[in-house]
Amino acid sequence: MDFPYRSALIVGTGPGISASLARRLAGFGVKIALAARNVQKLDALIRVGEPEIVVYNAGARAHGPLAELDPEAVQEAVAITAFGGFLVTQQAAKRMVPRGHGAILLTGATASIKGFAHSASFAMGKFALRGLAQSAARELGPKGIHVAHFIIDGAVRAAHRPDPADNPDSTLDPDAIAQSYVDVLRQPRSAWSHEIELRPWAERF
Amino acid sequence: MDFPYRSALIVGTGPGISASLARRLAGFGVKIALAARNVQKLDALIRVGEPEIVVYNAGARAHGPLAELDPEAVQEAVAITAFGGFLVTQQAAKRMVPRGHGAILLTGATASIKGFAHSASFAMGKFALRGLAQSAARELGPKGIHVAHFIIDGAVRAAHRPDPADNPDSTLDPDAIAQSYVDVLRQPRSAWSHEIELRPWAERF
Amino acid sequence: MDFPYRSALIVGTGPGISASLARRLAGFGVKIALAARNVQKLDALIRVGEPEIVVYNAGARAHGPLAELDPEAVQEAVAITAFGGFLVTQQAAKRMVPRGHGAILLTGATASIKGFAHSASFAMGKFALRGLAQSAARELGPKGIHVAHFIIDGAVRAAHRPDPADNPDSTLDPDAIAQSYVDVLRQPRSAWSHEIELRPWAERF
Amino acid sequence: MDFPYRSALIVGTGPGISASLARRLAGFGVKIALAARNVQKLDALIRVGEPEIVVYNAGARAHGPLAELDPEAVQEAVAITAFGGFLVTQQAAKRMVPRGHGAILLTGATASIKGFAHSASFAMGKFALRGLAQSAARELGPKGIHVAHFIIDGAVRAAHRPDPADNPDSTLDPDAIAQSYVDVLRQPRSAWSHEIELRPWAERF
């Protein structure tokens, strides 16, 4: 099967999901642009051409009891996690709707569906991103644009957080996450997924 | 049964839910302060004393296709709907936690759990408020503070939107909504509700 | 306010929720009939007259690893928890629809929305009852019948399971549960709740 | 990548999902056994060897207003949709747990998460199957068995229900569904999906 898209913009860099996804997409011949999450610079994204895939993979949080949180840090966390996702989704919609083709992938977390204590800002941002994803899917799906929201329900493996030797595969391998992103991109439009949760086999949920 | 609270701050004024709730609470001898939703003036709320009930009943939205939305209007809508709720919840937490007593009621909408097309900003704001409500409930519930989130699933009756004569009670009566808010405030702590949806009898859901 | 119903049938007896609810309803002048959960005898319910309120409060479970469960015990547990609820709801619908008046209250549990390990039969039965509740609400609500589903999210206090002295109100007081059932029965039809979760203040969720 | 399983039992035959899945699995060299949904004959399934994949794809329903449903037809529909799924899951668990390897796929529908009017028996059965899926996933996942629940949210294309020419891909292509089942089977255990919804691009949800 040919891969249905030829170019991708991935927002939110780092050594994790974005890099694994970029490598895997490149294997299908997809041209990749990576962008940092800096919302002040999102205008620059307008210049990245006409990506057929857009991935928003940025997030931020302020941790602590409600009474101790810095309101500005909360506002910034929500801006990066959700408002940045809106800006990217909007730019994607402007380019994809006229062509009736494209995919927008938004990366959520456990906090997208469960607001934990001492994590109000992350819950606010990730819940908001999920609301955006649903609204975008209902508007853009019938226009041929596949909007999907991924709930990464567990810790992602990283250099500073290696998989524990005595509990193998208890952290999400970024390559395994990227595999599911690619699977969703390859879904025929008669059977699209909108929301996909991914968690390690031994994770409680 | 005695009413368990003596004072209330209701944020987000207007002739609807806030006014009905204020009247009903006053009937129990509760002292009421009403405040507009203006987030720039929320600092002033610090001066309203030590309300035992805090209600956040403000919201805003920008309507239209994703590609046509004004990003600043989206940001402002999310700020009013969700960030204002955070600021009020934070101030409430600061005052209620030391006393181990209080109630925080946050008003949601159908958009709290379903993101509709052409309504991205409202979905973002109301989803975010729900994430805040869950996070606050998990942190503050065990400290004796009742955090409840109401999903108003339908149109609220108002002077400019009267109940249709040929479809009686197809809009939510603000007095009926206020009754359920009061019911939740009166729940003993051994059987609290956290999320309550309210909809007209004939509403599809 | 006058109480909107004059008679009630409560299925599933015992010293807990049913008894508390019966006492509280009797305080409003409601005539009460109590019935055991025995599904073989549910035909007899046809003879109890024309109750304006019907409550299904029965459940059963088989506990253990999937591989060790007795299939007959699973089938019986689902029959008591869900099929009994269907039979009672059906009889209620037959009587209430012609009058355009009535209330059907179905009692769920944490297992209504979360299937736990070693508790397959209870998850099956309580999930099924919730599906019934939604289907019944969508059919019967527009006919004037209030169908509500309660998620009792925690342990109910009982003689054999008293509230722990060092963790007060960490079990649900049946009287507190009954209070919320009555609150829902008193909701005006312009603002009905369909699903109500109740949990102790300190319960994790 | 090698395919991680070598044999499969698919319960619930017919020209749709089961056949497409069988063909696709066969393409990976998987040995297939197909079985009808007849719950009376499920004992026979014990003889099909030791399938590494088990799929339960059977369902039944009784349609109509609550007051008019035949209770026996409701009981049978729930038995086929959910109790048959339990029996198959139980037999699978017995064989897979000792090996610490296997996959159990359960097929749901829109009715798994939304109980529609006039469809009480289907909601009961599909909700119950979802409760089973969650309970099984929480028990069996940490034992190395991948339990996944698919929500088929739309009409499946069939000879008697062809895709409408003026609304292309508005019905789910069984081959497209089977593709997602295979994708889930190939997920590494560090990033499993438990619940996957599939719907046509233009479907309202």
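First chain written, first letter: the chains are A, B, C and D, and each begins at residue 1.
Here is the rule we go by: contacts are C-beta pairs under 8 Å (C-beta built on N, C-alpha and C of every residue); 3 or more make two chains touch, one makes a residue touch a chain.
Quick caveat, the model's predicted, so the values are computed rather than measured.
Comparing the residue numbers each copy contributes, subunit C and subunit D share more than half of them at their mutual interface.
Put simply, the C-alpha centre of subunit C and that of subunit D have 30 angstrom between them.
Subunit A and subunit C have CA centres that are 41 Å apart. For subunit B, the set of residues that touch two or more other chains comprises 138. In terms of inter-chain touching, the protein chains here make up one closed cycle, each touching precisely two others.
Of all possible chain pairs, those that touch are A-B, A-D, B-C, C-D. Across the complex, subunit C meets subunit D through its residues 65-67, 69, 71, 74-75, 78-79, 82-83, 86-87, 89-90, 93-94, 97, 111, 114-121, 123-140. Against subunit B, in their complex, subunit C makes its touches with residues 137-138, 141-142, 144, 146, 157, 163, 169-173, 175-177, 179-180, 183, 186-205.
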